[in-house]
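Got a structure for you, written out below as structure tokens; questions coming shortly.
Here the chain labels run A, B, C and D in written order, and each chain numbers its own residues starting at 1.
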Amino acid sequence: MTKPTTRIGTPLPDNSRFLMRGKDVLGDIMGKMTFTETFFFIVCGREPTPDEVRIFDAALIILIDHGITPHALVSRLVENAVPTDIQVSVAAGLLLVGNRFAGTMAGCGQILSDCMAQDGDKREFLEAKVAELRADNKFVPGFGHPYYKPEDPRATRLFEIARENSVKGEFIELVHVLGEEVDKAMGKHLTMNVTGGLAAVLSEISFPVEVMRSCSVIGRAAGLVAHVYEEKTNPIVGDVMDFAYGVEYLEP
Amino acid sequence: MTKPTTRIGTPLPDNSRFLMRGKDVLGDIMGKMTFTETFFFIVCGREPTPDEVRIFDAALIILIDHGITPHALVSRLVENAVPTDIQVSVAAGLLLVGNRFAGTMAGCGQILSDCMAQDGDKREFLEAKVAELRADNKFVPGFGHPYYKPEDPRATRLFEIARENSVKGEFIELVHVLGEEVDKAMGKHLTMNVTGGLAAVLSEISFPVEVMRSCSVIGRAAGLVAHVYEEKTNPIVGDVMDFAYGVEYLEP
Amino acid sequence: MTKPTTRIGTPLPDNSRFLMRGKDVLGDIMGKMTFTETFFFIVCGREPTPDEVRIFDAALIILIDHGITPHALVSRLVENAVPTDIQVSVAAGLLLVGNRFAGTMAGCGQILSDCMAQDGDKREFLEAKVAELRADNKFVPGFGHPYYKPEDPRATRLFEIARENSVKGEFIELVHVLGEEVDKAMGKHLTMNVTGGLAAVLSEISFPVEVMRSCSVIGRAAGLVAHVYEEKTNPIVGDVMDFAYGVEYLEP
Amino acid sequence: MTKPTTRIGTPLPDNSRFLMRGKDVLGDIMGKMTFTETFFFIVCGREPTPDEVRIFDAALIILIDHGITPHALVSRLVENAVPTDIQVSVAAGLLLVGNRFAGTMAGCGQILSDCMAQDGDKREFLEAKVAELRADNKFVPGFGHPYYKPEDPRATRLFEIARENSVKGEFIELVHVLGEEVDKAMGKHLTMNVTGGLAAVLSEISFPVEVMRSCSVIGRAAGLVAHVYEEKTNPIVGDVMDFAYGVEYLEP
């Protein structure tokens, strides 16, 4: 058995140095790199270019908040129960970043990545993929939105920022081909939503598909902190619980 | 009963605008502000100055990683069990950011904040606070470290970056007075650790005490993403479990 | 360093036997013991008496459900987001079992246990403890309730079941002395609530103070399963979110 | 919009009565029903028969513990970080009860349920289902085990207890047909594991497929309490972390 290893950082008991992927944290990272650069660096193992940083910042920001979402409501309810432990409130809210809300960029990114990795015709690959998902009664991840129609302005803005920052554009093109195949298969137009946009844009900067959903996780975590803080001084949980207590109990 | 309100962002079904604390997210924030600026803005309700941003970036970075911590190990174990749900792995790891590991800046920040808010002599206030904690057999939050002695280089570096970026310095001064009172009460020197440093530095930029611990939460979340990603290709959980299975079962 | 050990059960790779605290799980426990007996046995390391089992069953049942609590609402919101992962919904709801809701029996049990362990007069000890908590602006755990007055019928019923099942009664007596001291200190009557009752009753059957709160955790977990299941067919989350979306956004 | 309703229990502010699915909790449930009966009752809305109770007890017990599992290790690591909050330790450990460990009975139960609900030949349905899963490179849930071969004694014991308690036996028969089809498709024998056994046995007593995984959740939660308690007095986390700190850091 080979000894287990890590390339992320020095193990704890190392006093003389404090390294992250070969860089001295105190001297080379703190005071020199932003959080966004460091997050990209620790995950990907390479420093992002200034263009990539601007795109990554936009990707992290776009899902920070969307009002009183189910995530925010959960974090606020937990804050009300354990007000001294913000890590518990934030963790609880993050558990909702799944396949339904704000977590679908991973599925879409995987399709784009698989398409790029194969040798055949790209459109045919995507057409077949859409057919396969529909046969399994599954949604195509990254498409559809309850009220952003015909476009999700967040996806549009992400593409704009990506193009302003010199992306090659092949994944953005690909996700649009995917959208065309979705529309063709459905016989009507489906909105490419923000997670479809994120899948393409994060692929452009080589943020790995396997952890793509983490952009929602980190972004949304920041927004949940704001909700927890607001709940402490301008609470909504009391009203929500008044509403919940009004749910009528029916006898069997 | 007054209608519940929020000042954070527009509620979901609002199609025509997408606002965060009065700013248009797509036009005024995305592509213009960094994640760090936006996180500060959504929590505090005001834009940080460029000096404050550099300090806040350093504060978010300092706790991103410290090798294979208990937090990282938990996230890796959960990743191994539910590999498609990175939000669950990250949330589980964040549950360890409590009073023991990486979460004590809130307690220290509260002492500093209470000290500033009172009218009496600051040193006397801190001396009394230290005495009170010791009488209750409690640690003074922000002090003590198993192997960083006599100084925690992370705290030192935080103060350096704060000073390079024009802080007023009153909270940094105060936490040092607190450290002197700790040493006096203990009859020996205790290291002011990174959370003591963070408490002072985050107070300098007015990041609210009530949610101060969220800097560890967001920072560490980023590092946990790297550990989850590494676990997928260069795992350590197998070795950890081999070790755990070696724990001997004793009959009653 | 001594080799780490456990007395709970055989480590995983042991094929020939499957033991829990010295008993064969398949032959001596399954089909012979109830879940309640097994839970007590695995935690305490001894089999409960039939009297103790009846009391422990009542203690586990009393906190299973209380309508649409904040816990239930959180589990339902998470169910709506990740419907295939009931463990995530239940875990999220359990995070609310803290010092505020349904988790205070541990604090009350600790006071009772400390009182029993000391040599002095019991009433004087409790009087001093109440004074100490009030000086720190803290509630006495186990006392006070928003609408069960002057008695919490759940506590009353717990004592009744305990007495019907031959407890010695010294902790039940003690918690009533504590209640008298609370009333004296407050100058008015405070309800001894269900967690005060649980603290006494669980102490009577020697369920350890250190993990006393786990009775709420296991009990409530069962109730949350019912809420998750009901949410799948008769949902309330849609209505709750309609209410939440009605929270008004105020400009800065 | 119809008013939201629940059939589980009375809403919180109801002082005069405390009902669960039509029964008075204090008078009809506490002191009369066991935890296992009450859990079945609150989820299914009907009281189980004595035979069903014995089977349900066995189903809850079988997954309580399996030594130092990844779940137990996570709960112990979290206990070490937040020792006063057992609900957090237990919740973290439960997050691992997913598709990989201890959570697969839901998938297997769904196959059995779908098979029963259709009109065609049962064996042909199962043969086709196995083929479909294999075509998608997926495991058949409930089959395969690293070291229980050729049988998982836990599944065998579950069937025995079910038969001793008068089940009709149609789901147990069906899961064995499924096993035959698995073996045929694989060209070798795969162990029907404990989750396959649970899927059949829980179906026999009509515990709903949609929340079947909750039996692992509740059962394992009880075992995790024992691990958290043992960690407080006979810890293993120190040794585990010593091992983890020995993970070698490699430069890029």
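In this section, contacts are C-beta pairs under 8 Å (C-beta built on N, C-alpha and C of every residue); 3 or more make two chains touch, one makes a residue touch a chain.
All values reported here derive from a predicted model rather than from experimental measurement.
Of all residue numbers seen at the chain B-chain D contact, over half occur in both copies; the interface is built from largely matching residues. Set against one another, C-D and B-C show the most C-beta pairs in contact at C-D. Centroid to centroid, with C-alpha atoms defining each point, chain B and chain D lie 37 Å apart. Chain C and chain D have CA centres that are 22 Å apart.
Centre to centre, using the average C-alpha position, chain B and chain C are separated by 31 Å. Counting only residues that touch two or more partner chains, chain D has 4-14, 67-68, 85, 88, 91-92, 95-98, 236, 239-240, 244-245, 247, 249. If the chains shown are joined wherever they touch, the resulting network links each chain directly to all the rest.
The touching residues of chain B, when paired with chain A in their complex, are 1, 4-15, 18, 20, 25-26, 29-31, 33-36, 38-39, 42-43, 54, 57-58, 60-62, 64-69, 84-88, 90-92, 94-98, 103, 106, 147-148, 153-154, 157-158, 160-161, 164, 208, 210-211, 213-214, 216-219, 221-223, 225-230, 232, 234-236, 239-240, 242. Residues 3-14, 19, 21-22, 45, 85, 88, 244-252 of chain D are the ones touching chain A in the complex. Residues 67-68, 70-71, 73-74, 77-78, 80-83, 85, 88, 91-92, 95-101, 236-237, 239-241, 243-245, 247, 249 of chain B are the ones that touch chain D when the two sit in their complex.
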